[in-house]
Amino acid sequence: MVDITGKSEVYREAMARGSIHLREQTIELIKRGKVEKGDPLYTAKIAGILAAKNTSSLIPLCHPIPLTNVDLDAKIVGDSTIDVEATVKTRAQTGVEMEALVSCAAALLTIWDMTKQYEKDQDGQYPYTLIRDIRVTRKVKDRNR
Amino acid sequence: MVDITGKSEVYREAMARGSIHLREQTIELIKRGKVEKGDPLYTAKIAGILAAKNTSSLIPLCHPIPLTNVDLDAKIVGDSTIDVEATVKTRAQTGVEMEALVSCAAALLTIWDMTKQYEKDQDGQYPYTLIRDIRVTRKVKDRNR
Amino acid sequence: MVDITGKSEVYREAMARGSIHLREQTIELIKRGKVEKGDPLYTAKIAGILAAKNTSSLIPLCHPIPLTNVDLDAKIVGDSTIDVEATVKTRAQTGVEMEALVSCAAALLTIWDMTKQYEKDQDGQYPYTLIRDIRVTRKVKDRNR
Amino acid sequence: MVDITGKSEVYREAMARGSIHLREQTIELIKRGKVEKGDPLYTAKIAGILAAKNTSSLIPLCHPIPLTNVDLDAKIVGDSTIDVEATVKTRAQTGVEMEALVSCAAALLTIWDMTKQYEKDQDGQYPYTLIRDIRVTRKVKDRNR
Amino acid sequence: MVDITGKSEVYREAMARGSIHLREQTIELIKRGKVEKGDPLYTAKIAGILAAKNTSSLIPLCHPIPLTNVDLDAKIVGDSTIDVEATVKTRAQTGVEMEALVSCAAALLTIWDMTKQYEKDQDGQYPYTLIRDIRVTRKVKDRNR
Amino acid sequence: MVDITGKSEVYREAMARGSIHLREQTIELIKRGKVEKGDPLYTAKIAGILAAKNTSSLIPLCHPIPLTNVDLDAKIVGDSTIDVEATVKTRAQTGVEMEALVSCAAALLTIWDMTKQYEKDQDGQYPYTLIRDIRVTRKVKDRNR
């Protein structure tokens, strides 16, 4: 664990993004509100916010830090993709990119879980479903804020 | 939540895979055991196993089920990639693909956290680091085992 | 803790109910989808399902048991009340009334949290908001199922 | 989640109350220290304090905040009622009424669990037991403390 | 993680013991019910039972298994020692000695926490307090029960 | 719970130590990297760091506080003993000796779990294995740091 004792508390923000590829029929079901388990995008948002707050239990060397905001946006782009973007803010001694990444990943995994019954092929396998390109798109550290 | 009350307990197994793209210098540091925070691959393994057991707290509509085995393999492939493969087994009323996916994702995120100090550019951004292609590679349901 | 070692695994189900009294204006906002923090009823449902799975960590002497289904229904009744009903099913050595009660309580508390900005008076107090009558409405134990 | 980044850290306190209605015979057993599972009031106190600290995991949009004090009082009033009062203090950017409510609810649910064997009727139902009137009785925000 | 897929579910029980050495004055305060933070022995019991249920989150390679009973006994022996004994039962594919050890350790640590204000010397150090000899005193595996 | 509302945030550090006695053959296996479940010392380190962050959930009356560093050292001393030393740092209103003790205990218990297959005798009992002398070796409170 990195020793952050001597670091000062400053405003920090991080944004992470990722996407999940689903079958076109599944995307159609989401658009029409016909997914049996509930609303995948809204459930993903709740799961992502909860996961951000749980980061230091999931990632062994992460510091437990207070978060002043977690925001999660999940939206359909194109015929077979959902993009998720997580933004986390704090005023702390270390950055929150891991919190943003964990939040984004948890949201994408939740979308998988909510739609998996429509993604399986006849052998119960998932040849189409794919979580792609989880990365940090922005990190801010602002001493004047 | 899907009602699994009427389903019978059978042997189930799922395997999930994903990878993380890191800078070549970071991969070199891992190979030479020079990562300051510790061993990224072994830490990822521990984090992945713990996360698998925590799946029903992270993914809202997952059932809490006992697991008889979680195995996680993390290895360097090529100059800038680490592949992670998680295998989960159980004897339960529902499958364990979400547990395998959660385990794989937590391991990849842990590798990010362990190496992030070497991945940042001079502006504190992560232009190279990327988690890619998390998917279920195998699902087994065997009534005779 | 009650020793349930000698008890046999049978089908069990429990239903719990409770309600929350809110201001009429708040109920109007919910009906019109205008609550700033999101959808109180759907968020309550997710929180209630997650809480049911977490019962043995919250209630000290509860046994950790697998759940085969958790269902939560939250609906507006009249001008100022939301009713929550949680149903939990399992096949286990002990009943699930505590899981149903915990699920119901967590859902009601989540509705409070989602709407609290509209419930405060000018002094920041909550003279109207009230969680009422949480109770077990049905418990089933069926050896033939 | 409400963005509290710009809010200042001030002293905050919240008090929540609720009660549980039990059978007179059960109240008698508690008074005489004859409840087989242990001391319902003391166990409720411990469960309520632990739950307060766990609020941001239970209530999806709650901020994780440090708490400087959690106090819980559970007492018998009349022949068939136990009153629970939870007080939570902090110095933070947002209030602690949800922590007080969660603490109070967890304590009441724990009393149910500790006494449920005496509350069931011959059909295993709970026609008498009732958790009532959980509400916030006081909220303080003091910039001078 | 050991693969227990092929093992059969049998009755299993484990007992663990340990002790904590405190100052004689502290033991006197416990005996007279004068510990300001509450009852150390009863609080230890609750903490030990909760910890047993949390074993697979604390110990990375432990399997998550249902427990049919956790019992914890904490008693004063002599002038300066408290003995803790934890007994855990299950019907599962693997043993519960880790659950018994974790339960015992959590109970002993809780006693430390409850009494630490009386154990410090004038420099805020703990020259007297000592947790000793945590071990498994009995392990049972019975195919006929 | 002690009310720490009025206390000021100062630098605090605590160190806890303990040891586990194992069979000489087991120590040999660890030295030669032949333990089947993995690396007991490194796994103990990860488990100890995670446990420190989880202290306020395990020990009922502990305050949830941010930690700026957790460090854990596990090393073989002599033929049959492993010493574990946990150091925890923070800037908070209360000390971190419980976090250091919990971290140390979790690490020792993890070593037990990782090596238990070599410690059992022919009856499945553990006559040799013993966790010994967990204590706080240093506590620092420094207003000038």
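Order as written gives the chain letters A, B, C, D, E and F; numbering starts at 1 within each chain.
Heads up, the rule we're going with is that contacts are C-beta pairs under 8 Å (C-beta built on N, C-alpha and C of every residue); 3 or more make two chains touch, one makes a residue touch a chain.
These numbers were taken from a predicted model, which means no experiment stands behind them.
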Least step count from chain B to chain C, where 1 means the two chains touch
1
Those chains that touch chain F and also touch chain C are A, B, D, E
Quick one: compare the interface residues of chain D with those of chain F and tell me same or different, with half as the dividing line.
different
Which chain's centre, taken as the mean of its Cα atoms, is farthest from the centre of chain C?
F
On Cα atoms, by how many degrees is chain A rotated relative to chain E, nearest 5?
180
Starting from the Cα centroid of chain B, hunt down the chain whose centroid lies farthest away.
D
Consider the two chain pairs C-E and A-C; indicate the one with the greater count of contacting C-beta pairs.
C-E
Between chain D and chain E, the Cα-mean centres are separated in Å by 26
So, in whole Å, the Cα centroid of chain A is separated from that of chain B by 15
Where in chain C do residues touch two or more of the other chains?
1-2, 38, 43, 46-47, 50, 54, 57, 60-61, 66
Full enumeration of touching chain pairs:
A-B, A-C, A-D, A-F, B-C, B-E, B-F, C-D, C-E, D-E, D-F, E-F
Can you check the complex and tell me which residues of chain A touch chain F?
1-5, 7, 56-57, 60-61, 63-66, 92-93
Chain E contacts chain D in the complex at 38-39, 42-43, 45-47, 50
Partner chain D, residues of chain A touching it in the complex:
11, 46, 49-50, 53-54, 66-71, 89-91
Mind listing the chain D positions that touch chain C in their complex?
1-2, 18, 37-38, 43, 46-47, 50-51, 54, 57-62, 95, 97-98, 101-102, 105-106, 108-110, 112-114, 116-117, 124-126, 129-136, 138-139, 141
